[in-house]
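First chain written, first letter: the chains are A, B, C, D and E, and each begins at residue 1.
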Amino acid sequence: MTLLSQIINGIQIGSIYALVALGYSMVYGIVKLINFAHGEIIMVGAYCAWYLIARLNMPAWIAVFFAILLCVILGVTIEIVAYKPLRNSARISLLITAIGISLLLQNLAQLLFKADPRMFANLFPGSKPFLGLQLTNATLVTIAVSVVLMAALSLMVSKTKIGKAMRAVSEDKAIAELMGINVNTTISFTFAIGSALAAIAAVLYCCSYSQIEPTMGSMLGLKAFVAAVLGGIGIIPGAVLGGFLIGVFESLTKGFISSNLADAVVFGILIVVLLIKPTGIFGKNRREKV
Amino acid sequence: MLVVKNINVFYGVINAVKDISFEVNEGEIVTLIGANGAGKSTILKTVSGMIRPASGFIEFLGSDITSVESFKLVKRGLAHVPEGRRIFLNLTVQENLDMGGYIQSSSEVKALQQSVYERFPRLRERRNQIAGTLSGGEQQMLAIGRALMGRPKLMMLDEPSMGLAPILVDQIFEIIKELNKAGTTILLVEQNARMALTIANRGYVLETGRIVLSDTAKNLLVDDSVKQAYLGG
Amino acid sequence: MMNIRFKSTKSRYILNAAAVLALYGVLYAMIENGILNRYAAGLLMTAGYNIILAVSLNLAAGFLGQLPLGHAGFMSVGAYASALFTLGLEMDGAVEFPLALIIGGLVAAVFGVLIGLPALRLSGDYLAIITLGFGEIIRVVILNLSFTGGAFGLQGMKRYSNFTNIFIFAVITLFVISTLIKSRHGRAILAIREDEIAAEASGIPTTYYKTFAFAVSAFFAGVAGGLYAHHLCILDPSTFGFMKSVEILVMVVLGGMGSLIGSVVAAFGLTLLPELLREFAQYRIIVYSLLLVLVMIFKPSGLFGRYDFSLGKTVDDLFIKLRAPNKKGGA
Amino acid sequence: MREPVLNVNNLGIRFGGLQALDDFNIHVNNNEIVGLIGPNGAGKTTVFNLLTNVYAPSRGSINIEGVNTMGSRTHGVTKAGMSRTFQNIRLFKNLSVIDNVKIALHNGIRYSFLESVFRLPSYWKQEKKATEKAMELLSRFDLDRHADSIASGLPYGAQRRLEIVRALATDPKILLLDEPAAGMNPSETAELMANIRKIRDDFHVAIILIEHDMSLVMGICERILVLNYGLIIASGTPEQIKNDPAVIEAYLGQQRGE
Amino acid sequence: AGGGSDTIKIGFIGPLTGEVAQYGVAAQNAMNLYIDSLNEKGGIGGKKIELISYDDKGDATEAVNAYNKLVTSDEVVAILGAITSTPTIAVAQQSAVDNVPMMTPTATHADVTSYGNNTFRACFLDPFQGSTMAKFSVDELSAKTAAVIYNTSDAYSSGLRDSFIETAGEVGLEIVADEGYSKDDVDFKAQLTNIAAADPDVLFVPDYYNNVYIISSQSKEIGLRATLLGIDGADGVLAIEGADSANVEGLYFANHYSTEDPSELVQGFLSGYEEEFGQTPSALAALGYDGAMILCSALEKVAASGVKLESSDKVFQAVIDELDATDMDCVTGHITYDENNNPIKSLAIIKVEAGEYTLYMKY
């Protein structure tokens, strides 16, 4: 019984990781950037939804819509202003820029909203019985949303024209352009999707964990990124699988090994997996042809 | 069809292309020859918009394209097979060809793909192989095949015969001739200058970023200085 | 004509040694006279171990070309090892402290090898994630061990670190890493950064050198940790989290991956910058992060790129410049 | 007198469903230049990759002057006396030309970490030696004037030559050249041909040469092996190969065969 | 620096940015509130008080830098801070050498005041609250079994957990579960599921209000039966914007004072803070207020004795002597100092009932 309930606990947080990891994977897939600012976009989305619902008393769905809109605008603006000039530079410069943006957003939020945490009212209250346990509605919605989005995004990348463009751009931007692909639009589009995912993740995160604060995105982002790597970064189903796995590992470790060492055990598992399968679970091991 | 006027291209402070002008007329095969580092590839990259000239002017099909982005040029019918193959290493052969047909409708992509496979049966054999693991020559075939998928009006080829087996080199030049007959204008850069001049109408000779000679291919083939420097005596 | 050029390596060494001594002398005198008050002197010391951290990370990041995100982990291992050593022993400081630093360094180096050996099978972002993971594991384990004081950390270390010994170790670090780079071993490390397969084909045992570079990098991070532990005299495991690793990485990238002078300048600058911005209170991190982004956008390869400073060469160039107009005049 | 420096028996590898190389045997004598030709995708580069253990052979044996190098890592093979160039140039792009060469001298100079850090006399002596050796090698290939430029800025042909110099710097007994003339024009190729001969004579190395430029292959190889679909389909002198109908059919094409 | 001699300068060191900023900001707000009101009344000896605030991000190095700057460049007469324990200890070690009077409102670690006679604090020590809550659960709630869930990366939280468990052993309270979490965790269900399986009578949660709130809500979700016990950090749990007080209904926590205390001081502080910052103050704010009040009253006495308040060894010692002699009513109770410069004050147990803080009893 506790085993089952620990697994359910894990799936709950895991579904959030999965959703966030999807955003990481989309962006990483195309520009090979660990977008450290992704966590902060989630934070912005959360504050936006909270502000509209709690302060301006807007209906939830309108608030969610505006949160997505704001995050998309923010994500695309960041890409154009801060990342685009660095497209041909070393990837590490891009990484540092992302870290800078992340710090910037976090501290702007701290100025604007103060450091005090805010609570977000659950949009999906209640729970459903499941094998004798209770699964909260928020969890069910999060799982459903992450699985549906995973399927939709996978289809988009493999079947649509824009998906094709994304794959080409991720391989070689200059050559993609020679194929007639508008690289700038494609990258902006990817950031838009990544940011929309962040906003959705933000709202669902708040429904499950209610607390909003300026630093909420950093650890969440880091764990989700680890999840994306575990599944095979850049691979959409991998991100979701990785998210659920990290959540379940974490919960089982806390439940049955040691709650104090949980983070260490989770990272330990990650390391072991990567040593066995160096490109993550769904990653393809590709040796360079010489 | 293509008019290049007084372009200058810099890499940092290196002036790789100096005040170069040339033109390619509809239906022609024009070749650029010159030693290593003469600036041939740089010219092609400038025309296709991969790099921007510091000064000068480029016209394609009657309109100024000096600062038009490359992806728009593709739609106007310009194809560039860049130096060093530059195929999509992590995609399969088939996916690479798909990308080549990005601007085509999906029904046409199928037909074009079949014709590429007919030209290069080796590619059909390897169609589900990851392109990065192809042999050097197979990659070269793929690069050319990919460009054919775009059905260009003007095709610029940068050393298409590099790394190909002799039998395939002949085949590549045959293909170029065929394409040209079917209406595609060709701008060709080749180290194999003899072959290039044999199929070309006209040629330009480059030395350290400048055009030093331009004439019909026939005349260039018998030009002493060209023979001496580029045709192996 | 008098030979003023610093062509011979020997004269360059003498010149460098003189410059280092002079710098030390001036700073020391300023501290002693109170021209630099304790606040300024404290900042200089903080800058000192940040320089050690940045320069040592540059070996693994800039020269070996990996992306380690767990440098703070090595620092913490060194800090705890040396602090436990001095806390456990009653010895004369002049003996105890250098010994403690070396032990801190060695323990960190052992961790470097332990982490390096398996991790180096991976590359790129996967290696980055693994080093990040190891850094976090080290932190969590320290938090849960009893002899490290858990969340309370360690305190009561003697305040052994001072301007002089931090300066000495910073110079040693710079000296060792810059001489290492200009040797066959350093070239092997650079070759791995450029192309691993070609390096192997040129006869370089790449696994050995990767591990070696990681170990040296970790060693100096450990030494910096030891200096830190005996400067603040309190160790708190949460200091050595992921953000600290990022902070060091930022110094390296901002200075220029593969430029030692860049690391020195950036470590110094980024130690001072938040202090200069102190008056801005809550705005200072905002200013800091904005500057970071702007520098990256306008100077993506870092302030110094891969430029390596050579005093001898600079002086030569200066003489050449000074002489040039004379020559013109003479002609 | 001539004696075999390299004995390779029964080498083979599969990539998934593809037998890229099968039952490959080659014996190379001292100072010999052997050509390896064949259609694209025949498995030539794969031979080099197996010999230098960039790919681990599924079976076979490799022996350099009596030393078995099956299973040793690439740097071990290099130490044992076999070095190579790459079909897609792999220079240390951001390093200076001379450093590219000095890296390959790694095993030729011996001083320890401490000797280098403390700059002991052995460091100075051996570094000087290394620099001289590198400059000497570079000047043979007309690269000495580029010694301090960054490798990636060199024109293509110069980069190919630098790869050869780098391979030579490891002091090999057998040199593997993978399409050294690719991207060179005929006069440059002619120059290269002279150079390869000189290398053989001055450095006393055996050379295995992969090349699609028949003027080069036929011009300098004493013996040629022809691969097709991973199998040796012919071997012999250039004259024999030129007239071998199977080779003409698969590789040379009618015009040249005639 | 500068500023002339027309103001009395006090330095504040605390986290104003970073992960623990909310604690530093709360304390700083309250200090400003007190100092502003004092300045309105004419300041000390006719001079206004200037609070020079520096951010330490919760980091020891930053705190020491800030301290050095305050002492050497700004030439303050005393230090208020730091807020969290590690930076405070790092500063205390240095300030002991300088003998600069230092008042930390909130650093609970036992060693904070052990480096010199110059360091004082306004808060309880770690062991006190932990052991009181253990006794309280046996004496008042008749608990037989207890569980603990604490923040392993926080010295404050783990210190309280240690003392709770130690005293539990002495008073016959069986610890049936002992779970940890790390600072950025938001999901405590795994630990709570384990705790629920052990079914304790009480669950001790030594952490700040935001985590107390989340743990309390999640334990309700899990269906945990135990009564939740908090410490002074839990004060503020009802002030979280958007919080549903039903989630913390029935929580008991230790605090320095009760908001129901009718005294003018307490009510004045509460209304003043709410008016200024639009929020009910947390315990951290109350302690910040008291820290400022205790220090300023010491300064007043020194000024009254005719000594000019400027940065000098003599003034420092005079202020320290006055701090030693503190005997006054503060928001968080009546405060005097023992020989180790720790406050002797009483403890109130607050219960959340019908969405309000109610004074349950005093210890």
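A few comments on the model shown:
In the analysis below, a contact is a pair of C-beta atoms (placed from the backbone, for glycine too) under 8 Å apart; a residue touches a chain by one contact, two chains touch by 3 or more.
From a predicted model like this one, the values you see are computed outputs, not experimental measurements.
Listing every chain that touches chain B and chain C alike gives A, D. Contact with chain D and chain E alike is made by A, C.
Seen from the Cα centre of chain B, the chain whose own Cα centre is farthest off is E. Among the pairs A-D and B-D, the greater number of C-beta contacts is found at B-D.
If each chain is reduced to the centroid of its CA atoms, chain A and chain E end up 36 Å from each other. Centroid to centroid, with C-alpha atoms defining each point, chain B and chain E lie 74 Å apart.
As a whole-number value, the distance joining the C-alpha centres of chain A and chain C reads 33 Å.
Multi-chain contact residues, meaning those touching two or more other chains, occur in chain A at positions 107, 110, 260, 263, 288, 290. For chain C, residues that reach two or more other chains under the stated contact definition are 140, 143-144, 197, 282, 285. Under the contact definition stated at the top, the residues of chain B that touch 2 or more other chains are 133-134. All chain pairs that touch, listed by label, are A-B, A-C, A-D, A-E, B-D, C-D, C-E. Residues 37-39, 42-43, 46, 140, 143-144, 150-153, 155, 159, 228, 232-234, 236-239, 274-275, 278, 281-282, 284-285 of chain C touch chain E in their complex.
By the touch rule above, chain B contacts chain D in their complex via residues 33, 35-37, 84, 122, 126, 133-138, 140-141, 159, 162-170, 191-194, 228-233. Contact residues of chain D toward chain B in the complex are 15, 37-42, 44-45, 87-88, 155-158, 179, 182-190, 212, 214-215, 250-253, 255-256. Within the complex formed with chain A, the chain B residues making contact are 48-50, 69-71, 74-75, 79-80, 82, 86-91, 95, 98-100, 102-103, 130, 132-134, 146, 150.
Within the complex, the chain E residues that touch chain C are 16-18, 53-55, 59-62, 64-66, 68-69, 71-73, 85-86, 89-90, 93, 109, 111, 151-155, 157-159, 182-183.
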